[in-house]
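In the two complexes that follow, chain A is the common piece, with chain B as its partner first and chain C second.
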Partner chain A sequence: MARASNVKNRLNRGDGAWAYAFIAIALVVYALFTAYPVVSAFLVSFQEYRPLGSEYIGFDNYSGIFASELFWKAIMNTLVYTVLTVPVALIISFAVAIAIMPLKKWAQTTFKAIYYLPAVASGVALSVVWLWIYDPLPGGILNQLIGMLGIPSQNWLGASSTSMFSLVLMSWLSSHGTSIIIYVAALLGIDESYYEAAEIDGATFWQKMWHIVLPCLKPTTLFLLVTGVIGSFQVFQNAYLMTGGGPDHSTTMVGLLIFDTAFKYFEFGKAAAQSLVLAAIIGVIAFIQFKFLGKDVEY
Partner chain B sequence: MKSKTKIAASVLALTLSLGTLSACGSGNNNEPAQTAKPSNTANGGASEAKDTITALLPPVSPTYQENFKQMEADFNKLYPNLTLKIEPASWEDMTQKLDTQVNAGSPPDLAFIGSDGISKYAQMGMLLDIKDLVSADMIADYDEAALAYMKNGDGLYGLPAYMEVHSIGGNKQFLEEAGVDWKKVQQEGWTYDEFREAIKKGVVKEGDKTSRYGFVFATAGVASKDYLSILVKNAGMPSPFTKDLKYAYTSKNYLTVLNAVRELIDDGSMPKELSSVDAGKRWNMFLTGQTMITGKGLAVFENSANKNNAKIDAKDGSAVEGSIKVDYIALPLPSFAGQEPVSHAVVDGYVAFRGKKDPTDEHKANIAKAAYFLSSGQVAATTNNDLFAAHITKSAREAAASMESNRNPDNIAAVDKMLEHAAPARPDIPVELGSKAIKLENEVVIPKLQALLAGEITPQEMYDAVKKGAIEAFGADGVVQD
Partner chain C sequence: MALFNNHLGNRTAKYTRNTILVILLLLFAMATIFPIYFMIMSSFGDPVEAGAVSYSIWPSKFSLESYKFFFAFSEYSYRWILNSLVVATVVMVSNVVFATMAGYAFSKIQFRGRNVLFAILLAAMMIPYQVTQVPLYILIVNIFEIQNTYSALIMPTLVTVYNIFLAKQFMGTIPKEILESAKVEGCNQFQIFVKIIMPLSKTVMAVMAILTFMETWNTFFWPFLVTNTMDMQTIQVGLKNFRFANTTYFAPMMAGATISAVPMFILFFSLQRYFLEGVTVGAVKG
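And now, the complex of A and B:
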């Protein structure tokens, strides 16, 4: 009996070693492709980077960033984009999830697949379609649509007054698939007995929504809010492909500014500093979100 | 069984890890191929050691990339010990691909880029000066004006493939309907006032809607910087810097051009949505008869128009939808404020790079040989003929003599005339000044131009913003104050 136990312990010890071996692979990949670039970016942010030999310049890159009007404008643009897109995206995702919940399994799956489709489609291909929709001439699709309502045609991406709205609209009407799937999964996790008890008490649809669904989905909503804000602060592709940050920097987001600084002007030190400042801003916002919204949330 | 599974899993895991590590370990620092031997000669030109020269090349002409295999074979035939390894790239990812390789310290030996990119890479110290590597015979083959564009300071950083001018292109039928004497314009040019009146006459309205504009220039996307930079050359500012290296776009003539940019839209001769019209859109508008004149124009556009005409004749479904037959007429840009017309010259070519490690003398010499091979003789003749571009080497002219071309002789004469007025190269502009000007252009000029085109700011406001940015970048003494 004792011998059998010893053998089992040896095997367990062996399993532990294997577990560490497999974890090590993930750790090595993480260290190479995440940790190392972050540490490297931190070091580069204090340098004037040159492929043939960089020079340490202290905090010059950081002071340059904070003195730059364009950086603050990009921060403000990103903030506006985030405020306009993330809450609406959550509401749309939640509404769609609620709408497809009562459907049969096959119908639910079909809708989830349809809503998830933009997530697997190429962002470049989607942008081409949107560029077509936003054709500024009177024959453009969106201009024809608003023309039916008697509204004159708009220079959607070429005017400061409409360019940010155009990017926001594009975000509102695409890429909710992941959030919808997460919300549906969370809705399925709510115990039926809550609804039964509420029905016995004569609760209406909205009362059930307010007193059961929203509180039960709070951890999910907080997760989607935090990840949504992080994603939104890092937005790059839409601005890069649709407007290039224009006109007059009205859609220059921080992500695009970092890209331009690095790959247009080759100021990698400054770009690294901008990235770290952005990471700090995102960290502070995530902390605030958890502090004020995550008090009674447990994962 | 369990043990076998663990062993298999660990082997797979190890392979994965090693794959990752080996990916990081590989690098190409422009070192010659392993078979290369050190050379004792000054420029290595006489060595017969094996070597490989890499080249990153975009689709310079419609058939250029189809000829890569032939080009590699012909080069190897000419130099049996050398291998030319061509990496194709699309125009869209050419800059990004090259920039990534340059910043990693392992660029290709040669890349086809515009001469205006030389200062950017020279500032990083990543260009290879081939001044002492090319022979006197090679240099004598090139037109001096074109070759000068590949210089910066005392260095020669590549060899030019062609010299083109940025012009504008008109629809012959519409020009004649509007009463424009296009042959006279081709030979004598026109002033802004003459141009403004001409394009007004080119506008066709159906009720409130404009069915044809007088002039449409691409100002969005990659073309965003072209419009203004081409116009200002004809307003006494052939370069962003004057001969005494003061930033020129603070001159009052710059404001004159900005006023003109706005006037042409306010006249209704150009679309009010101009800020969103990209290169593809305006070409479509030109071929579908929605504009009389388009810009920017390049000689190759005549070829594109001719090809589309042939498709229309053949009732080929791949002709541009809704297009009409167009006789493309190359025209110069108008001149402003009584200034001499100056054409915006475009010189693209094969620029030589170095990696983190300095290449051997032998390898440097081989890079120069490859650059000369690609930019002259048969290769250049074939490419430039395909592009309708002017040849800039004697050897290419000779090779092209027997090649057929269906270019309009009036357009050839017009382009030659414009080339006579081409802005001269400015290798004297220090790279630091050049890069500051590029940054000012990207961060102030282009964004403000977009706002000006959209009617959000006035020409004076844009001028003030550019002047403010210029003074911040170059100092009050570093800019023109007239």
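And now, the complex of A and C:
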């Protein structure tokens, strides 16, 4: 016993040094470009940032945020966007994944590839295309389409009543590829014997769905929900590129507000404070989701 | 799949059911790829101002004039593609090398502080990127003073935590007996890494390479923030410039969008398996 561990020790000698060598670059990059910025964000959030000599102003940035009407509006917009996109995306992905199951392997792969395609295209390219789909003139593609249904032309991105919906619609049609693929993989991972046992008991399709599929996919759903909500709270690229947050701040999300504060008004201290508030909100929401939905989910 | 009762019921019922499902799936697929179809199809139109075109969803014309118009917009428009290519390639290679190394160390070597260090790395994945963005910008622009260089575009993503995590997850499945016997034969850790781990990890390295390349190619905000002359911009930033400068030129804008997106489509269709695999790695557990 002692000998064996001796041999092992001799074999493992020098491993530690190799390990540190292997992780050295990763740690340096992490320390410089992730750890340092996080610490720095905390410090900057208590300052009025100026390139030469910032001034410490305590909690002024934070109190400024909570007093700002625009910040609460941005939070509301982000919430509305999240509530409208994430659950719908989950339901669509789930339904599509179920519908794909009885198909042949090649058909499954083809459909998965098609649904994943928008995720491959750059966000800037997609925003450019959607901008034209939402062309407010009667000749615009979407206006032509609703014209066929007898609905008058809309000023999609230009009116505060439809601007948020336009961003949501775009998200419905271009951001489900990943979750479909993950759902299909999870469905394929369910043990056949569950279905066989259920069939012997004479279970119908819906019974199997309710008693086997939904419980088995709960961890996957929770994963997609949590990552979806976290992602959605940070979303602002489409808003930035397509509406710029307008009209009348109807599409200003928190992410966009932070971006504007930092890079339009160059108030770095305030932006840092806003980003930390956002981080706290995301943390709380993720925690709540795990607490209430993750009771019997093991990770 | 036995979720559907394939052997109960008669053939016609099964056939009808599958046909309905396929039709629904096709309708949704059409809605999904319509913007992409519309983009590519319209890019072959003439470069005239929007007032003069009426959009059609059917191809009416095949001309490359709009592509010429896009490239004529800036003398650096070819340079944008080159910049994107350079940045994405360097980031891809460095991620594959360094994330694989770090993933191996975290998954298979015992060393002091391993768990603590890995936990610290993972914690970073919970932090929204808005938090790091402002200080990172200050670091690159005000402290290092390297804005508008390749270094500024590349350095922050040399190794990402996500890729280290991906590598570690994958290497957890490599049996440690192989590594032990290699050690008995007298291999040091570097030899084990090069001769055993790398050949066994080809799949995860390919997945990492592809996803990293795609993400870097498509990224917009960081290059937008740290570049300020056209010759250093990437294709995504260039496309945005073009859009704001030519708000009414429909077909050239579509041509620009197509140019920025099509390289990734080609990559996707030729290496589809790795893309689809990459999505599920780390997401589905048991």
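Heads up, the rule we're going with is that the second predicted complex is superposed on the first by the 274 of 299 C-alpha atoms of A that agree within 3 Å, B and C clash if a C-alpha of one lies under 4 Å from a C-alpha of the other, contacts with A are read in each partner's own complex, and residues count from 1 in each chain.
Just so it is clear, contacts are C-beta pairs under 8 Å (C-beta built on N, C-alpha and C of every residue); 3 or more make two chains touch, one makes a residue touch a chain.
Quantities reported herein were computed from a predicted structural model and do not represent experimental measurements.
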Chain B and chain C placed together on chain A: clash or fit? clash
Check: Counting only touches as set out at the top, which of chain B and chain C does A:Pro102 meet: first, second, both, neither?
Finding: second
A:Gln207 in the overlay: touching chain B, chain C, both, or neither? Say first, second, both or neither. neither
Just checking: does A:Ser63 make contact with chain B only, chain C only, both, or neither of them? Give me first, second, both or neither. neither
In this superposition, the partner of chain A with more touched residues, chain B or chain C, is C
- Message: Going by the contact rule set out at the top, does A:His249 touch chain B (first), chain C (second), both, or neither?
- Response: first
**Request:** Have a look at where A:Leu157 lands relative to chain B and chain C in the superposition and call it first, second, both or neither.
**Result:** first
Of the stretches 43-51, 97-105 or 169-177 listed for chain B, the one clashing with chain C is residues 97-105
Chain B and chain C footprints on chain A meet at residues 18, 22, 25, 29, 32, 51, 263, 268
As the complex stands, chain B meets chain A at residues 6, 9-10, 13, 16-17, 20-21, 24, 96, 99, 102-105, 120, 124-126, 209, 220-221, 224, 271-277, 356, 435, 438-439, 442-443, 446-448, 450-451, 453-457
Chain C partner, complex, touching residues on chain A are 11-12, 14-16, 18-20, 22-23, 25-27, 29-30, 32-38, 40-41, 44, 49, 51, 92, 96, 98-103, 107, 109, 111-118, 120-126, 128-133, 135, 139-141, 144, 173-174, 176-178, 181-182, 185-187, 189-190, 192, 195-196, 199, 205, 208-209, 212-213, 219-220, 223, 230, 233-234, 237, 241, 255, 258-259, 262-263, 268, 271-272, 274-276, 278-279, 282-283, 286, 299
Per the touch rule, the chain C residues reaching chain A in their complex are 1-6, 8, 17-18, 21-22, 24-25, 28-29, 31-36, 38-39, 42, 50, 54-55, 57, 98-99, 101-102, 104-106, 109-112, 114, 117, 120-121, 124, 126-139, 142, 155-159, 161, 164, 180, 183-184, 188-190, 193, 214, 217-218, 220-221, 225, 236, 239-240, 243, 250, 253-254, 256-258, 260-261, 264-265, 267-269, 272, 275-276, 279-280, 283-286
Within the complex, chain B is touched by chain A residues 18, 21-22, 25, 28-29, 32, 50-52, 70, 134, 136-138, 153, 155-161, 244-249, 260, 263-266, 268
